[in-house]
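The structure that follows is given in the form of structure tokens.
Going by the order they are written in, the chains are A, B, C and D; count residues from 1 in each one.
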Amino acid sequence: MIERYSRPEMVALWSAESRFRIWFEIEAHALDAMAELGVVPHSSAKAVWERGAFEVDRIDEIERETKHDVIAFLTNVAEHVGEEARFLHQGMTSSDVLDTCLSVQLARASDIMIADIDALLVVLKRRAIEHKMTPTIGRSHGIHAEPVTFGLKLAQAYAEFSRNRARLIAAREDIATCAISGAVGTFANIDPRVEEHVAEKMGLTIEPVSTQVIPRDRHAMFFATLGVIASSIERLSIEIRHLQRTEVLEAEEYFAPGQKGSSAMPHKRNPILAENLTGLARMVRSAVVPAMENVALWHERDISHSSVERMIGPDSTITLDFALVRLTGVIDKLLIYPARMQKNLDRMGGLVHSQRVLLALTQAGMSREDAYKAVQRNAMKVWESDGEMSLMQLLTDDPEVTGFLSAPEIADKFDLGYHFRHVDTIFKRVFDA
Amino acid sequence: MIERYSRPEMVALWSAESRFRIWFEIEAHALDAMAELGVVPHSSAKAVWERGAFEVDRIDEIERETKHDVIAFLTNVAEHVGEEARFLHQGMTSSDVLDTCLSVQLARASDIMIADIDALLVVLKRRAIEHKMTPTIGRSHGIHAEPVTFGLKLAQAYAEFSRNRARLIAAREDIATCAISGAVGTFANIDPRVEEHVAEKMGLTIEPVSTQVIPRDRHAMFFATLGVIASSIERLSIEIRHLQRTEVLEAEEYFAPGQKGSSAMPHKRNPILAENLTGLARMVRSAVVPAMENVALWHERDISHSSVERMIGPDSTITLDFALVRLTGVIDKLLIYPARMQKNLDRMGGLVHSQRVLLALTQAGMSREDAYKAVQRNAMKVWESDGEMSLMQLLTDDPEVTGFLSAPEIADKFDLGYHFRHVDTIFKRVFDA
Amino acid sequence: MIERYSRPEMVALWSAESRFRIWFEIEAHALDAMAELGVVPHSSAKAVWERGAFEVDRIDEIERETKHDVIAFLTNVAEHVGEEARFLHQGMTSSDVLDTCLSVQLARASDIMIADIDALLVVLKRRAIEHKMTPTIGRSHGIHAEPVTFGLKLAQAYAEFSRNRARLIAAREDIATCAISGAVGTFANIDPRVEEHVAEKMGLTIEPVSTQVIPRDRHAMFFATLGVIASSIERLSIEIRHLQRTEVLEAEEYFAPGQKGSSAMPHKRNPILAENLTGLARMVRSAVVPAMENVALWHERDISHSSVERMIGPDSTITLDFALVRLTGVIDKLLIYPARMQKNLDRMGGLVHSQRVLLALTQAGMSREDAYKAVQRNAMKVWESDGEMSLMQLLTDDPEVTGFLSAPEIADKFDLGYHFRHVDTIFKRVFDA
Amino acid sequence: MIERYSRPEMVALWSAESRFRIWFEIEAHALDAMAELGVVPHSSAKAVWERGAFEVDRIDEIERETKHDVIAFLTNVAEHVGEEARFLHQGMTSSDVLDTCLSVQLARASDIMIADIDALLVVLKRRAIEHKMTPTIGRSHGIHAEPVTFGLKLAQAYAEFSRNRARLIAAREDIATCAISGAVGTFANIDPRVEEHVAEKMGLTIEPVSTQVIPRDRHAMFFATLGVIASSIERLSIEIRHLQRTEVLEAEEYFAPGQKGSSAMPHKRNPILAENLTGLARMVRSAVVPAMENVALWHERDISHSSVERMIGPDSTITLDFALVRLTGVIDKLLIYPARMQKNLDRMGGLVHSQRVLLALTQAGMSREDAYKAVQRNAMKVWESDGEMSLMQLLTDDPEVTGFLSAPEIADKFDLGYHFRHVDTIFKRVFDA
């Protein structure tokens, strides 16, 4: 995590303060349940809730001596609670606290990111509707293909992030489990009902079978899901970078007054946010493999996963949160240039309509092979003229073509509106689903 | 894919024959829909279904000339159908066929793998119940911790693969979409109802908005899910490898009569299947990142994803299918040695009961800190004696301990059954859910 | 590996025939050395060289029974050699043969790929010199920056692949080691001089300390190096894809007569080879992490690396070999359009010269801040006119600017040649090094 | 980067203070060269060196307005230097400073890590020599194979880290280049001799051809090399984790007085440092793919690499530095238990000598097949007795065996020293190379 690419709310979630707060709640709720079961005195639970407190610095100090963070935390809490703190953590193991805490943090991080996606979806929908019928060239392989609308591009992004939203909700559900099962997960010294109570209070489900730790396939699925979402961010960012290229310039990131694009070249306006998002996507993705390598812990548990998660837990969620919000801002304020889109659409001399002519010729009785050759022959001339020649004119002058289609019939195939007849259908599929 | 690590059914799914068969069905169903819509003559659809055929070799031959596989396929089909084949593929683009075919293949591959997991779950459940109460040592960090049962280990694996089953079903749903939307996905020359018809016939859902191609976030999610499942395979395989270590030897892969463990050392019996599974897991996982890199196609589409998918499509599904079946066989025939488990349990002089004593001391009024020190002090002696000394005896001889617990009270803390009181609860959670 | 993306020479290297041929040579050379040391009769070595033979099918047949490939091979060879074959493999273990064979294969694969890079360098140099002074716009962030020459772009690629050549040679050296050290690598039953002899005969260096297997850090470095080379292929491919975009069209992949760009759109000419290379690069890169995961074998060895290497050994080298040759072909026949480059250079109304004016203004005494603002102010007008306005004209009309620079002084800053004064120097650095 | 896994020296290298210090040096040296070339007044360079200064906070403040870090830095320096600062950065672009600074940082980070490896090598050598002849069982597949010495294990690690040292030196050389070539790398406004001067002063080589940025294949190779080194750390860490397993316990991480292995189980002594190193290795490896994805920048440059490098630059080097030093500490203080090694060696009833008997039988005239069967038959009995039976005894009682070997001849094959005859040779190869 670096400050430049982070937002305060997500950073706060991963602070030492937040972590110890969650630990405290887990321990205190567990004590409540134990008191309810008659295992510890009610007065102990009451004392912990009333007098329980901790200080990050003091915990660090104690940890430097004990080299064990949970013991340091408990010792510090006991300093506040006094004698009655001795029932805290009874029958539990550090992992009960650490793993359940991580579940809470990842669930809360998910909530933030789900809200991020919701905000992105709102913006994508607004701008998609705004440009629902704005004509622009569709490109395959970077080459002009056939007309689309700019709204369709954004509708696609909307659909993709709707899927990502559903995936993130599933990943959240996968990760939001609570384990209070003691050493090697047998509940030998703690009643399973304690786990049930803590799970309920912390908004988690119980882990059906833990082995001191929560199984790491859950975390692997979680970080893999973040990697997929990051890849979608990369896709939309690269779209924007392409659209902003000097020769294309159909859209542009908002450029603030006073902003400098280059220290050396005053004329530059660069898609630096989209480029930045491309890099951030790589970083979120980089957590996927380590998270998967974490799954195969030895026997009931080893601690190799811990250093990995101390890093990717905050890093991936902070980076993805930041990237989602940045992307939302980019789309929200994106400068969109319909006039330039039309200019680009026109620059190929009508080549983008080649398929319709091809189809019309075959429907008029020409063999597909002959029709393909006839259209390609004329299209290549237009291509080589760099759009100076007109495909419509060349076809009208080609006797092999006019043997099947009249000039008005040919002209009819160059109608832009024809391509947009189903935009409504697609928008209904995407936005009314 | 290499033959050694593959099963015929999955390999067949990825054969040229299967692929062209699916292409044929997609094209023929599309033609049906077009005929129904009055766009093409019914006789054409009828002719295709009746006379339609193809030969893999002939398609290859044509492709060498045209350098375009779908055109080669259509040309070959036309050689069989004749004149009426000219309506085939009308308004469609190659991607409509290729991408929908890939969806069908990945969905069918999922069905095979779901069945694989089902078979694995059956075996895991059977063996878990068989060893539900077989005592064995639970290990954290590779070090003896506290007792568990062997059934618990398998119950954990069962729960993990149950999750993987649900994930694979979700991934299948994600990938099983149909796009018949023509160039750049606008349905300019093909009615959306054709897509609906083909989707229904091929067992797919419609792609709400495609851009000539089906968006690759779906595939990324699919391959990421396979990577998680592979990681779970790795976990269970590593468990077996650990259990089979000479010094541990609590379980062993079945060793066939006549099998040779080593060309040089006749005494060897190695966990080579589990080791092999560890390697295969790495390979399945290696497809995750390329699948994610495939998401960011340029504009409406580029073809950079294609070479990747030609490889990882078959490779990942064939390898994972093989690995799941191999793992099922390993678990099914696993030689399990309860006597050795008991021997290992006993070898630490009762150290595994240290926590219970610790708890009993605190419950008897000793401070947690003092209790921890008292138990650790005696435990270290046992540890250093390599299990020759008995923790129970040492504690009984320790006046600081006996100030709080009598000898019978101490002895009571060394009861194995105590640890297994909740095995039933856990089994109910896992198997009755 | 799939046939479509492979070349015969590299495929042959990985055939069963090649593998067994190398095995035979290793075993026979080892026998020579043992005979020389007096450990086995000279007649045995002589018999093996004279009558030694094998058949792939027969070996497969035996392996199905013994489940051990090296034993199957030796049995088959013994069928040809007779009684005297019994000294073969004495004191050796399967890994001696398998690992040394893999070293030979990877070294030979390196030789092929080094030759591939050499061929690529020749083509890059030829075309770089051809276009050494062809002006084209340099782009940062996809936005016009300042002029470069097309030769400089290719010179950069030349320098990058020269580095890759050196890296591949280093990787080859890293991997080209021979281990004939017996079980757990102690030479207990085989003299180290046997290893020395085999190493020399097979063109390898000796492995200083092996543990039955050759340490896998060597292989990890090898596959990581292939991953870097693949990434350079991706870079150059993406450059070509960008240059071929409809709006840019400064270069284009050669388009064969009769080739079809799209089954639906006859006008398409797509950079499909470069796109394909982008995908292949992802695949070569995907082997890097599994190769690194292979390093941490358990104790003296486990066999988890084997299945990985059976796949990535052939797959990565075959794919990279194919990609290098394909890239060479693309560059060799690349259609380069200097006129279009000039047209693109001119389309921004002279904005690309903004930095020179900025510098001239500061040198003439204007503060850097003021100069930046003055140039940016005028540049933005040109930008917004889509290149219709001329920066030179606007500056000449700006009194704040002309307070420091005269009209001729301003005009002087718009000289293209100025930017190319150091092209010679750079070419000398790159090609005369 | 998190503090827990970092060392001050490496952290300092990546501080804002260090970065700006390097920027200052680059800019000031460049100014010297320009003054020498007569492009700027000597007084300017003199003023910068004399009065040049910066404050991190002030730079941050300015950057918040300009959104450009290099401009903010220059503005701050100018606040100190005054008027004569206006020649600073003349003809340069931000990347000249940023990329050259990154080269300096990675080179210095390499120097720290090379020193780390040197320290590790010293410790490995010392302990290897200490245990050069300490017998221990060699294991393949986790199963007892044949005897090795503990020194051999460490000699292997020494050889592996010697290779890693050489690789890191090569990676350092690859990355230690200087680019001061201006916008798009043409030296249009800056003389190449400025680059030469700065390179020399900063301890770098010149970048033969840059494109505003230093090509990222260099960085990819650098981070890939760190990934290989990390994988070697993982290997040695996993070796230690295996050795410390309760049932094996041939070595153990040093356990500090007062340290607590588990909050719940006072008897635990866990290999937590080695487990931690396993996790850290995964993290260092996770930077490899993003670094490779960074290579394919668009045209002359885009800035997608920047966010990635801001993270992996510090993270990977800080983590690897920490891991190397931690590993050195683990090896340095590793508790090694020769008595336990001998006990483990003996526990298999002499099975580890099976190969020698096999060889002796074939040398005595038995066919290899028959000898293998005879030895395997007896070995399996020992195996199934869990080492209670003695292989030597069983063989002596087997008439088929004694038909070829006498009892003393059999006994002779069970000599441990036999296996260590070549330890000297191997040590010479490793330590005297």
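Methods note: contacts are C-beta pairs under 8 Å (C-beta built on N, C-alpha and C of every residue); 3 or more make two chains touch, one makes a residue touch a chain.
Being a predicted model, the structure only gives us computed values, none of them experimental.
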Applying the document's contact definition, name the chain pair with more C-beta pairs in contact, A-D or A-B.
A-B
Check C-D, B-C or A-C against B-D and flag the pair whose interface repeats it, over half of the contact pairs matching by residue number.
A-C
Please report how many Å separate the Cα centroid of chain A from that of chain B, as a whole number.
24
Here the gap between chain A and chain D, centre to centre from mean Cα coordinates and rounded to Å, is 33
Residues within chain A bordering two or more other chains
139-142, 145-146, 183, 241-242, 260, 262, 264-265, 270, 272, 275, 278, 285, 289, 293, 298, 302-303, 355
Chain B partner contacts - residues on chain D that touch it in the complex:
137, 139-146, 241-242, 244-249, 260-262, 264-272, 275, 289, 293, 340, 344, 347-348, 351-352, 354-355, 358, 372, 375-376, 379-380, 382-383, 386, 391
How about chain A: which of its residues touch chain B in the complex?
86, 90-91, 138-142, 145-148, 152-153, 155-156, 159-160, 163-164, 167, 170, 174, 183-189, 192, 206, 208-212, 215, 217-218, 220-221, 224-225, 227-228, 230-232, 234-235, 237-239, 242, 278, 281, 285, 288-289, 292-293, 295-303, 355-356, 359, 362, 367-368, 418-423, 425-426, 429-430, 433
In the complex, chain D touches chain A at residues 2, 4-5, 65-68, 70-71, 74, 89, 91-94, 182-183, 189, 241, 256, 258-260, 262-265, 270, 272, 275-276, 278-280, 282-283, 285-287, 289-290, 293-294, 298, 302-308, 310-312, 315
